[in-house]
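Pasting the structures here.
Each of the two complexes below includes chain A, the first together with chain B, the second together with chain C.
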Partner chain A sequence: MLLYILKRLVAVTPVAFGVSIVCFLLVHLAPGDPLSAILPADATQQTIDDMRAAYGFDKPLPVQYLIWLWHVLHGDLGVSIATGRPVLGEVSRAVVNSLILASVATALGFTFGVLFGFVAGYRRNSLADRVASALSVFGVSVPHYWLGMVMVIVFSATLGWLPPTGAGPDGSGNWRPDFDHLRYLILPAVTMSVIPTGIIARTVRALVADILAQDFVEALRAKGMDELGVFKHVVRNAAPTALAIMGLQLGYLLGGSILIETVFAWPGTGFLLNAAIFQRDLPLLQGSILVLAMFFVLLNLVVDVMQTALDPRIERA
Partner chain B sequence: MSVPVTAASVALDGGVVTAPEALPESGAFVASRGFWGHVVHRLVRDPVAVAAGAVILIVIVIACLSPWITPMDPYKGSMLRRLKPVADATYWLGSDELGRDMISRLMLGSRLSLFIGVTPVVIAFVIGSAIGILAGYVGGWTNTILMRTIDVFFAFPSVLLAIALSGALGAGIFNSIVSLTCVFVPQIARVAESVTTGIRKRDYIDAAKLSGASPLTIMRVQVLGNVLGPIFVYSTSLISVSMILASGLSFLGLGVRPPEPEWGLMLNTLRTAIYVNPVVAALPGLCIFIVSISFNIFSDGLRNAMEIRQ
Partner chain C sequence: MSALVSAAGPAVVLSNLRVAFGKVQVVDGVDLTVERGQALALIGESGSGKSVTLRAILRLFPESRSRIEGGIFAAGKDVQALGKRALADFRGGDVSMIFQEPLLAFDPVYTVGQQITEAIHRHETITKADARKRALALFERVRIPSPERRLDNYPHEMSGGMRQRAMIALALACHPQVLLADEPTTALDATVQIQVLLLLRELQRDLGLSIVIVTHDLGAAVEVADRIAVMYAGKIVETGTAHQVVLDPHHPYTIGLLRSRAEGALEKGARLQTIPGSPPDLANRPAGCPFAPRCFLAEERCQTEMPPVGEIAPGHRVACWHTDEAASAYRAGPTPVRAIEPLPA
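The block that comes next holds the complex of A and B.
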C-alpha cells in the first residue's frame, strides 16, 4: 500500500508542475503589463522600469517562473496589490470558509444522492425512480447562481425565514458553529448541494442496479439470505465508487463556488477571486487559483488512494 | 458483425463509404434505413427528447428572428415605468430596472446567450477531436505528450478554469468564448483519444492498410467515420454546461457588457430588484434553465438513439 501511495505521488508530480506553470502564465495572459493596474497613468519610463525590476518582470519568463516557484515552495505567494497583505494569509482565511460551505453541501448532496440512488436502483422504473432521474437531470441543468437567487427570493425576500447574504450576524468573515451562524449557512449550502445530489443519485442508481443484476446476488438469495443481508453486500460493493465521487464533488464545489459565493456574499475563496478579478489584483488571483487547483490535485490523490484501499478489486500495480 | 462488411465496402466503393455506416451498430438489421435513418427513427419515438428538441428549435427560431419580431424596442427604457410586474398591460413580462420591456430583451437575449454558450463547444469539438484522434491514432510519444498536457487542465475544476482564464484575459464576449473553449478542449480530446485508441487495433483498419489505403485515407474514412459519432454526442452533452457557464461569466460581469441583452447579465443587473419585483428578476435565469435542461435531455435522447454507452 505504501508503495502504491509513493507511485501515485510520483505520477502526480508532473501534473502539479503543469498546474504551477498554468497559474504562473495566467498573470502573463493579462492584457498589457501586469503592473499597469498599480502604476499611475502618468508614470515616467524610469518609474516603470524601476517597478519592473523590483517585481522581477525584467527577467526572461523561465527565470521569472523559477524565482516564483522558489517563493511558492517556501510558502510565499506574493503580496496582494489591493490590500498590501500577503496573499497566503488572505487565501487561507477564505479557504476555511469555502471548505465549511463545500463540505456541508457535499454531505447534504451525498446523503440525499445516496438515498435517491438506492431507492431508484432497487425499484427500477417505479415512480421513485422517475423522480430520482428527474432530480438528477435538474441538478446538472439548473444554473446554480439562479437557483440561489430563487432561494433568496422565496426564503428571505418573501417568507423572511433566513438571512439572504453573509456568513454571520456580525457581518464578520468568521463562521462559528452556533445557531445564529448556522442560519446563514443553510441557503448557500442547500443551493450548492443540488449539483452533487443529482450526480451522486445518478451514479448510485446505476451502481445499485448493476450490482443487483450480478450472479453473486442471486447466489446469496438462493442461499436463503434475507434482504437486509443482501443490502449489506450491495452497500459494500457500491461504497468505494460512491465515496470516490463524493470526494471529487467536494473538489468541484470548492473550485466552482465563486458563483454561489457571489450570490450569497459568502466570504470564501470565490468571493476573494471575484474581488481579485475586478480590482485586477493579479497576485491574489494567481495565488487563490494555485491553492484551489493544488487542493483539487491533492484531493484526487487522496480519493484514488482511498478507493484502492477500500476496494480489493482494484489492482495496486 | 458489420466490421468485415465495412472493410469490404471500402474496397468495393473505392473508399467512398459514408461515415455513419461504418459504425459497428449500423443498420445491420435495418439496412434499408441507414444509420442516421435508424437514429432518427429511434429518436422520434422518445417523446421527452422530441419535446426538448422542439424547445431548442423554438429558441433558435426566436433567436434568429428576434430583431424583427420583438414587440417593443429592447434598448429603449423609461424611468417612469421601471420594474413593472409580469402581465402588465403594456409589458407582457414586465419591465427591467431601466424600464425596458422584458419580453423583448429576453427574446433578443437568446441570441447572445445561445451564441456564447454553443460557440465554445463547436470550436472545442473541432480542436479537441483533432488532438484526441491524432493522439489516439498515432500513439507512442505523441500520445504521451499530448495527453499528459491535457491532464494538467483536468487538475482544474471547470468553473475555476473558466473564471481564472477570463479573469486574467479581462471581460468581453471574445475572451469568454476563448476561456470556455479552453475548458472544453481537454474534455473532448480525452474522449476522442479513448474512442480512437479503442478502434485503432480493429481488423478493418488492418484490412484497409492491406488494401493499400494511405494513412490519410484511413484516418479520414475508417477512423473519422467511427469516432465522430461518440465524440459528437459527448460534445452535445457539454452544451448545457457551456450555456450555464457562459451566462455565469456574464453574471459575474466577465462576459457580455451592458446594454446588450444577455440572460446571465440581465440576471445580474436585476439582482437588486428581487425585493421589488422577484418574478421579473428570476425570468432570465428561468430561460437559461429551460434551454440548458432541453439540451441535456436532447443529448441523452441522442445518445440512447445512437446506442452509445457512457
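The block that comes next holds the complex of A and C.
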C-alpha cells in the first residue's frame, strides 16, 4: 500500500510540472496588459517601462517562467499587483475559506445524495424514486447563481433569517467556527450543495440498481442473508465509486465556485479569482490557479488511494 | 401433507407448482419428488422453467413481481408457509444453492473466506476463530489446494473451477440437507466440469445430501443424477431413473434432446440432429401439448388436449399421447426423426 502511494506520488510530479506551465502560460495568453490596470491612463512610457522591469515583464517568457517557478518552489507566489500584499497569504486565506465552504457543501451533498440515491435505487420506479430523481435533475440543472439569489431573496430579504453576504459579522475574511459565523455559512453552503446532491444521487441510484441486479445479491439471499445483510454488501460495493465522485465534486467546488462565492461575497478562491481577473492581477491569478490546480491533482491522488483501499480488484502493486 | 413436513419424508416435494411473472406462466404445474439422499437432474432447454423451478424451492423471487402457487416442501418444511425470518433461516441452513457463474455469485469486494464465515455467523452463534476453522475444513473437504491461503483470496484471484469448489464449500457451510445446483458446470472448462460433477456426487454420497441439479447437459445429468426430469415449457414431460430416461425415452422431446447430442464418434460430415422450431411463447400458451408444434408424432388431439401424465414403468412417468410410438421410433435406431409440418389449426 505504501509503495503504491509512493508510486502514485512519483507519477504526480510530471503532472504538477505540466500544470504549472499551463497556469503560467494561460495567463499570458489572455489579452490585456496587467500593468494597465494599476497605472494611471496618462502614465508616461518611461513609467510603464520601469514598472515592467520591476515586475519582470520585460524578460522573455521562458525566463519569466523559470524565475516564477523558482520562487514558487520556495513558497513565494509573488506580490499582488492590486493590493501589494504577498499572493501566498491572500491565496491561503481564500483557500481556507473555500475549503470550509466546499467541505460543508460536499458533506451536505454527499449525505443527501447518498440518501436519495439509495432510496431511489432500492425502490425503482416508485413514487420515492420519482421524487428523488426529479430533485436530482433539478439540482444538476438549476443555475446555482440564480438559486443563490433566490435564497437571498427568500431567507435574507423577505424572512430576514440569515445574512445575505460575507463570511462573518465583522466583515473580515476570517471565518471562525462559532454561531455568528455559522449563520453566514448556511446560505452559500446549501446553495452550493445542490449540485453535488444531484450528481451523487443520480450516480448512487444507478450504482445501487446495478448492484442489486447482480447475481451475488441473489446468492446472498440464497445463503440466508436478510435485507440488512444484503444492504451492507451493497454499501461496500457502492462506496468506491460514490467516494470517487465525492472527491471530484469537492475538487470542482474548491475551484469552480466563482459564481456562488461572488453572489454571496464569500471570501474564497472563487471570489479571489474573480477579483484577480477583473483587476488583471497577474501574480494573484497565476498563484490562485496554480494552488487550485494542485488541489485537484492532490485530491485525485487521495481518491485513487482510497479507492484502492476499498476495492481489491484495483491493482495494488 | 403432514408426512411432507416431517423429518423422515422426501427431501423435496413440489406439488402442482406454478410460478408466474406478471402474465407469463413460467412454471405450469410441476409435480416432483426428490427422495432423501437422491440426486435429481432437471433438464431442458433455455426458458423451459427449470431454473425458475429450482429457485422456487427457496422462494428466491421478489414477491412483488412473482406469484408462486402450489405446494413446496423441502427439508421437512412447508416453504410456502414460512415467514420472512424463517425463510431466511431456511435458506442456506436447510437448503442451499450453488450458481452457474461462481465469479458473479461471490461479492467481488469481500474475500471468499469472509463470505463463508458470514454465512456461518448468520445461521449459528459461533466464535470468529471457530467459523474460520470450519471454513478451512470446508475448503479441505472440497479439495482446494493450499486452503489456508485461498481463504483470503478475493473471488477474482481464483480459477473458475476453484471458485465453484469454493461456492460448494459456502453452500455446505451450515450443513444443509438439500443442495440446489443451477447449471453448476456450464461456465467451466470441460476438464473441470467432470471434477466438479464427481465432487458433487461424492458429497452427496458421503454427507447424505439430496441434490437437485439443473442442467441442459444430458451428459452431466447422467453423471450425477439418480433420476432425471425433463422439462418443456414449464411442465415436466418425462421423469424416471437416469437409465429409464436416457436408454428408454418415451417422450418425443426427450428423444429430440438425446438425438441432438454429438455422441461418440460422429461420422465425418454427418449433420447433428436438431429439434425444429423454438419453444412456445409462454405468455400465449398453446391449448394442447406445448411441444406439439415441434413434434414428429403430433396429431390433431395433441394440438387441443394436454396429454395426462401416464406411468410407463414404476417411477417412469411421461406426459404424451403417443408414448408407445415414440419409444419404438427411438428403438428403431438411427433413422432420422423428422418433424412434420404443424397441423392446420
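Here is the rule we use: the second predicted complex is superposed on the first by the 290 of 317 C-alpha atoms of A that agree within 3 Å, B and C clash if a C-alpha of one lies under 4 Å from a C-alpha of the other, contacts with A are read in each partner's own complex, and residues count from 1 in each chain.
In this text, a contact is a pair of C-beta atoms (placed from the backbone, for glycine too) under 8 Å apart; a residue touches a chain by one contact, two chains touch by 3 or more.
Predicted model, so just to flag it, every value in this text is computed and none were measured.
Peer 1: After the alignment on chain A, I want to confirm one thing: do chain B and chain C clash, or do they fit together?
Peer 2: Chain B/chain C on chain A - fit side by side.
Peer 1: Which partner chains sit in contact with A:G224 here, chain B, chain C, both or neither? Use first/second/both/neither.
Peer 2: Touch status of A:G224: second partner only.
Peer 1: Who does A:A276 touch here: chain B (first), chain C (second), both, or neither?
Peer 2: First partner only.
Peer 1: Just to be sure I read the superposition right, which of the two partners does A:I186 touch: chain B = first, chain C = second, or both, or neither?
Peer 2: Neither partner.
Peer 1: Could you say whether A:P14 touches chain B, chain C, both of them, or neither, answering first, second, both or neither?
Peer 2: The first partner, chain B, only.
Peer 1: Does chain B (first) or chain C (second) touch A:L301, or do both, or does neither?
Peer 2: Touch partners of A:L301: none, neither chain B nor chain C.
Peer 1: After lining up the shared chain so the two structures overlap, which partner does A:R236 touch, if you call chain B first and chain C second: first, second, both or neither?
Peer 2: The answer is second: A:R236 touches chain C but not chain B.
Peer 1: Taking the superposition as given, tell me the minimum C-alpha spacing from chain B to chain C, whole angstrom.
Peer 2: Here the least C-alpha separation of chain B and chain C stands at 19 Å.
Peer 1: What is the shared patch of chain A, the residues that chain B and chain C both contact?
Peer 2: none
Peer 1: Please output the residues of chain C touching chain A within their complex, sorted ascending.
Peer 2: For chain C paired with chain A, touching residues are 58, 60, 84-85, 88-93, 96-97, 99, 101, 104-111, 118-119, 122-123, 154, 156, 170-171, 173-174.
Peer 1: Can you list the chain A residues touching chain C in their complex?
Peer 2: It is residues 214-216, 218-226, 229, 233, 236-237, 310-313 of chain A that touch chain C.
Peer 1: Can you tell me which positions in chain B touch chain A when the two form their complex?
Peer 2: So the residues of chain B touching chain A come out as 148-149, 151-153, 155-160, 163-165, 167-170, 240-241, 244, 247-248, 251-254, 264, 267, 271, 274-275, 278, 281-282, 284-286, 288-289, 292-293, 296-297, 300.
Peer 1: For chain A, which residues count as touching chain B in their complex?
Peer 2: Per the touch definition, chain A meets chain B at residues 14-16, 18-19, 21-23, 26-27, 29-31, 137-138, 140-147, 149-150, 152-153, 157-158, 251-252, 254-256, 258-259, 262-263, 273-274, 276-278, 282, 285, 289, 292-293, 296-297, 300.
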